[in-house]
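Next come two complexes built around chain A: one with chain B, the other with chain C.
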Partner chain A sequence: MDAVLIQLLNGLDKGAAYALIALGLTLVFGTLGVVNFAHGALFMLGAFCAVTFQKILTLSVKVVDPSITFFVAYKEQPYLEIWFGELGLSIIDYAVPLSIFMAIPVMLMIGLAMERGLIRHFYKRTHAEQILVTFGLAIVIQEIVRHFFGANPIPTPAPDIVSSSAQIGTWLGLSENLVYPWWRLIYLVFSGVVIASVFAFLQLTTFGMIVRAGMFDRQMVAFLGINVQRKFTIVFGIAAVVAGLAGVMYVPVLPPDYHMGMDFLVLSFVVVVVGGMGSLGGAVAAGFLLGILQSFASMTVISELFKGIDQIIIYLVAVIILLTRPRGLMGRKGVMED
Partner chain B sequence: MLFEKKQNELTTMLIFSAIVLSMPIWLDPIGANYPDLLQKFAIFGIFAIGYNILFGLTGYLSFGHAIFIGVGSYTAVWSFKLLTMNVIPALALSVLLSGVVAVMVGYVSLRRSGIYFSILTLAFAQMFYNLAYSVLTPITNGETGLQLTTKDPRVIDRMFEAAGDGLPSTELFGISMSGYSGFYFCAVMLIVAFFLSLKVFNSPFGLKLKAIKSNQHRMKYTGYNTRPYLLSAFVISGMFAGLAGGLMAVTDPLAGAERMQWTASGEVVLMTILGGVGTLYGPLLGVAIIKYLENIFSSINEAVLYTLFDFLPVWLQDSMVVIVMPFVGEGWHLTLGLIFMTVVIFLPGGIIEGFQKMKDRFSKTNEQEKLKQGGE
Partner chain C sequence: MDNKNKNNISRRDFVKTSATVAAVSAVPMFFTKGAYAKDFTNNPGRAGSVTLGFNVPQTGSYSDEGADELRAYKLAVKHLNGEGDGGLMNTMKPMNLKGNGILGKKVTYVTGDTQTKSDAARASAKRMIEKDGALMISGGSSSGVAIAVQGLAQEAGVIFMAGLTHSNDTTGKDKRRYGFRHFFNAKMSGSALGPVLKEEMGTDRNAYHLTADYTWGWTQEQSIKETTEALGWNTTATVKTPVGAGDFSQFITPILNSGADTLILNHYGKDMINSLTQAVQFGLRDKAVNGKQFEIIVPLYSRLMAQGAGENLKGILGTTNWDWQLQDEGSKAFVKSFGQEYGFPPSMAAHTCYVQTLLYANAVENAGTFYPPEVIRQLEGFKFDGMGNGATEYRAEDHQCFKDVLVVRGKQNPSSQFDLLDIVKEVPRSQVEYDASIFGGELGPYKA
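Entry: the complex of A and B
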């Protein structure tokens, strides 16, 4: 029971990352009809927003270390500590969650620039060419990041207060051994909030209504005198922000390196396809579903039964779904059909 | 008519063979005359030619061809380990086995087209890559990669002679397959591959593949079942990739799983597009350019740059080095990505199309002038 519950939680937080990336991908598919292979790079850029923010906060100056008296020793002291003392230190401690505030505008700008600068010239081209150009862009972004941050993963810890594990077992009245890292729990809740706000934005605001209408019948909306293109550009920006936020908060779980984007890209494409092209709900559901499946497949009981199943389960499911339910789990008719 | 075509093919093949076989001579002045690099030209040439048969003719964008490179390499190394160091059985087995794998992957993936096909092949590529690292480690030797050892059985070799000391090297009936002889062997393979691709391009089969690219629905309405043709194209290109993978093992007998990563398939897409997708010579041109530039760019370091910009005043020299540095050496992939994007954006037909356009423009201006003169 405990083991099942812990695997469920593990799966949920992995699935949360897949769901967030796949949500952005689907938004772009559904509105602009563009297959964006650079979406993984946006996720990676989000993660590096957090790294950059932390680097800025910890800008340091060399000062004499008073604790060593034998000789004159120097130590690095962040400016924030010098200026604000204890408060400064706790700001540094909270670097990752605080970097959200930097990531939102930065990712929005990157998204808008990408759409206006490159993607919009590719609406009329074939899907193969869209894939190729965004694949090229992903390589370029990845290499630029590597140039500035190096090839090694950069560990960026979560705030001290949540670095321990939550006693989930005790809360639920189950075994005391059932513990789960706080940060992963936070990631789960956070992704829930982001997903909910994207859906609320699309369902409850006038802007969202126009976007949904545009996804349904773009030409008709344009006939009504609405500048659909501009709305869709903003949607691309939002998709970039969602991917970026997924990346920012994932940093304490997985130290970011320059090719994390490519690693997640393939998985999130698979998620989108399983969920059904163009279906937002499908993308989210498939993200969590595949995350959970993957984590159950890595349980010892199952991996002893079918060797290596944990490595390929997601792809296997994708292949089966694509062949038996061509539109995915919740795909609409007529979206990206051959 | 038919005779004329045959004659044309013959001259093309003769010229092509002459160019490929004389590569060590005419590549010498531009500093590309290393056996290692020449072998790469030939091997990736075969890979790209094969890939072009699928992507160029049918328009099906596959990200799974690294699988066949991997299968080819592992098969060849196993053949060296178990049977003999002779390359012929190794290559035959690589081609055969990668063909079998291609039939399986292709049969499933080709049920869908367009982006779904790309994603299916992507999924298969990841599956094979992950398996090579986990469950299949007895076959692939995991992260270390598969290598030759002195304890290998090599049954066929043992029948004729006793095992010598040290690691044997790959050979073709006594001729060692390293250095220039290795290149000439790869070059012959390349010529054979090119001949096959020429035959496919000029055959009714090739025409059907082109028809699938231009309008699959219409093709179906005329009564063709397109899937067998697509599957044949997929398997042929998979076998070419398997041959390339086998040759990689021939020139350097070890195989690692990183060859199977899907970004490795991305590389061949890049070369094909750069040269000109769907054209006979384009992929080869792309391979030559990318491998040559890779060789040059990744060897440049700061010191080389300083001597390169030696003629400039010191401050300008420093800033030039700072500007250029990110694009060379380790940063070669950045340059590659930029070149690739530029080509896709401005010249989707690749360099061959660029030549064609320039030719058209010149001939057009000539014609217009003639018309003008005639009018006056």
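Entry: the complex of A and C
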């Protein structure tokens, strides 16, 4: 029971990242009809917002380390520590959650710039051309990040207070073996909040109603005198913010490098295809489903029975679903079928 | 009968002339040092300098080690050319190096990025040999890389002085005549660690292995498993994980309910930092299983990894090839020299790479030529001291160095930012020696 519960939690946690990226991906596809292969790069840029913020907070001065006597050794002392002492160190400790406030406007600007500067010129082009240009853009973004931050993963830890694990088993009166890292729980809750916010925004606001109507029949909404294009541009910006936030909060789980977006992009496309192209609910459901399946496939009992199954399970399920339900789990008729 | 032919040259004249021509032609051969056939790869001939190729991971999971290796190589080149304080050239015995390069030729170098990938490492080494004219290749930080480059070196007829490579295969089934390893291996780690594990953790434990899925991980898992099972431990599971996986949570969660009371992490570099950090986050170190405190063992680790893992590594047992806190003359000289140059002490990866460069240069000086088969003969069976690990020997049968091995533990109360390991035991060389034939493999011919 404990084993199942912990794998379930881990699967939900993995699925949360997949769902957040796939949500933005399918949002852009549903509104603008663009297959955005640069969406993984937005996830990576979000992660590097956190890295940049941490670097700003830890700007340091080199001071001589008096504990080393047989050569001159230096250690770095952050200005925040020099100026504010313990308070400065606490601010540095909270770099990742604080970087959210920087990431939201930055990612929104990046999203808007990307859509206005490049993507809009490809609305009427074929999906193949869209894929080529956005993939090219993703590589350019990657190389820019690599140029400034290097190729190696950059450790960006969570605050000390949440670096240990939560005793879930003890709380629930189950086995004490059932523990889970605090930050991963926070990530799970955070992604739930972001997903719920996006859905609430689309379902409960006038803006969301127009966007949904535009997704259903863009021409008719335009006939009503609404500038659908402007709304969709904002949707692209929102999708960039969602991907960026997913990246910001993921850095304590996985130290970011310039390539992390590409690693997630492939999985996220599988999630979108399994969920059904253009279906927001499908993307979220498929994200969690595939995360859970991947987690269970890593259980000793299963991986001993089917060697390497944890590495291929996602693709195996995608093949089965596409064979049995070609439009994906919740795909609509007519999407990408013309 | 007249012996002269129609051109009036007698047979005797012909023989005399031929002998004279042959003798005159051969004169330079007697007076030219190293006048072997010129047809060896990248023979420097009369050039005033020689090029060495340093092939290290500048990106990927082992890039921290790679960066330190490169620092050590640069320092070694400096010392070979007579610059700086000389470092280990002041303590190495016996030594034939003069501080004027190698055989009087200035040492230059080229570098490459292995990316911690075998194919990239081979491509990089090939470029160094074919385009840059590298006479010797050194580097590594991954056994997969070391074995791949060693094979290439053998084909190309260029000596490969391995850097950080710990797989038994490097000097076992994949050993090559042109490959030499100063670093210790997984078998030696197991032999050194066994008695300490018995003393500290007893003979009744259930071990769960997480293993990097390539040659080093496989052989380390095998060696440590043999050691712990010989102690009486049970092996609960051995799980292979991809190199550079980043998030190991899906491999760690099954351990919680496996009944295991010991986790053995056959991971290195950033993989080990990530997997250990995540294992601690999942509460493994706070658990008690079957009435025993859960323990984590990292059979191979270094100060660089301890720095990356921080608090999580405190109290964890492992082995290391060398540590900057050793108090012998060689270690002190190297730490001082490296520290003055870079402002921090060297890692074990840096130490082995520096030593390898000096050992190659010294072997060339001893041979009096760059001709690889002669240099190889000088290295085979070479016994030396003063390089930081006590009396050491390059075993001729498998090109593996034998020396003392350190069992270490993550320090609970560091006195400085670099004071991260406690040396638990200096295990004597005799305790880690083994028969060269147990891993099979063939060195191959001297002439490539």
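Basically, the second predicted complex is superposed on the first by the 323 of 338 C-alpha atoms of A that agree within 3 Å, B and C clash if a C-alpha of one lies under 4 Å from a C-alpha of the other, contacts with A are read in each partner's own complex, and residues count from 1 in each chain.
FYI, a contact is a pair of C-beta atoms (placed from the backbone, for glycine too) under 8 Å apart; a residue touches a chain by one contact, two chains touch by 3 or more.
These numbers were taken from a predicted model, which means no experiment stands behind them.
Judged by the touch definition given at the top, the superposed model places A:311 against both chain B and chain C. Within the superposed three-chain model, A:153 lies in touch with chain C and out of touch with chain B [touch as defined at top].
Legend: residue contacts after superposition of the two complexes on their common chain; A:236 is shown touching neither chain B nor chain C. Look at A:187: by the touch rule set out above, it reaches neither chain B nor chain C. In the superposition on chain A, contact of A:288 is made with neither chain B nor chain C. In the superposed pair of complexes, A:264 makes contact with neither chain B nor chain C. Once the two complexes are laid over each other on the shared chain, residue contacts for A:255 go to chain C alone; chain B is not touched.
In the superposition on chain A, A:48 makes contact with neither chain B nor chain C.
Touch criterion met: A:14 reaches chain C, while chain B stays clear of it.
On chain A, the patch touched by chain B and the patch touched by chain C overlap at residues 311. The part of chain B that touches chain A in the complex is made up of residues 59, 61, 108, 111-116, 118-120, 122-124, 126-127, 130-131, 133-136, 262-263, 266, 269-270, 273, 326, 330-331, 333-334, 336-338, 340-341, 344-345, 348. Remark: chain A residues 35, 118, 121, 125, 127-129, 131-133, 135-137, 139-140, 142-144, 146-147, 262, 266, 269-270, 273, 307-308, 311-312, 315-316, 318-319, 322-323, 326, 336, 338 touch chain B in the complex. Those residues of chain A lying in contact with chain C across their complex are 2-3, 6-7, 10, 13-14, 65, 67-68, 70-75, 150-153, 155, 163-165, 167, 175-181, 183-184, 253-255, 294-295, 298-300, 303-304, 310-311. The part of chain C that touches chain A in the complex is made up of residues 58-60, 63-64, 237, 239, 242, 246-247, 249-251, 253-254, 256-258, 270, 273-274, 278, 281-283, 287, 308, 332, 335-336, 339-340, 343-345, 415-419.
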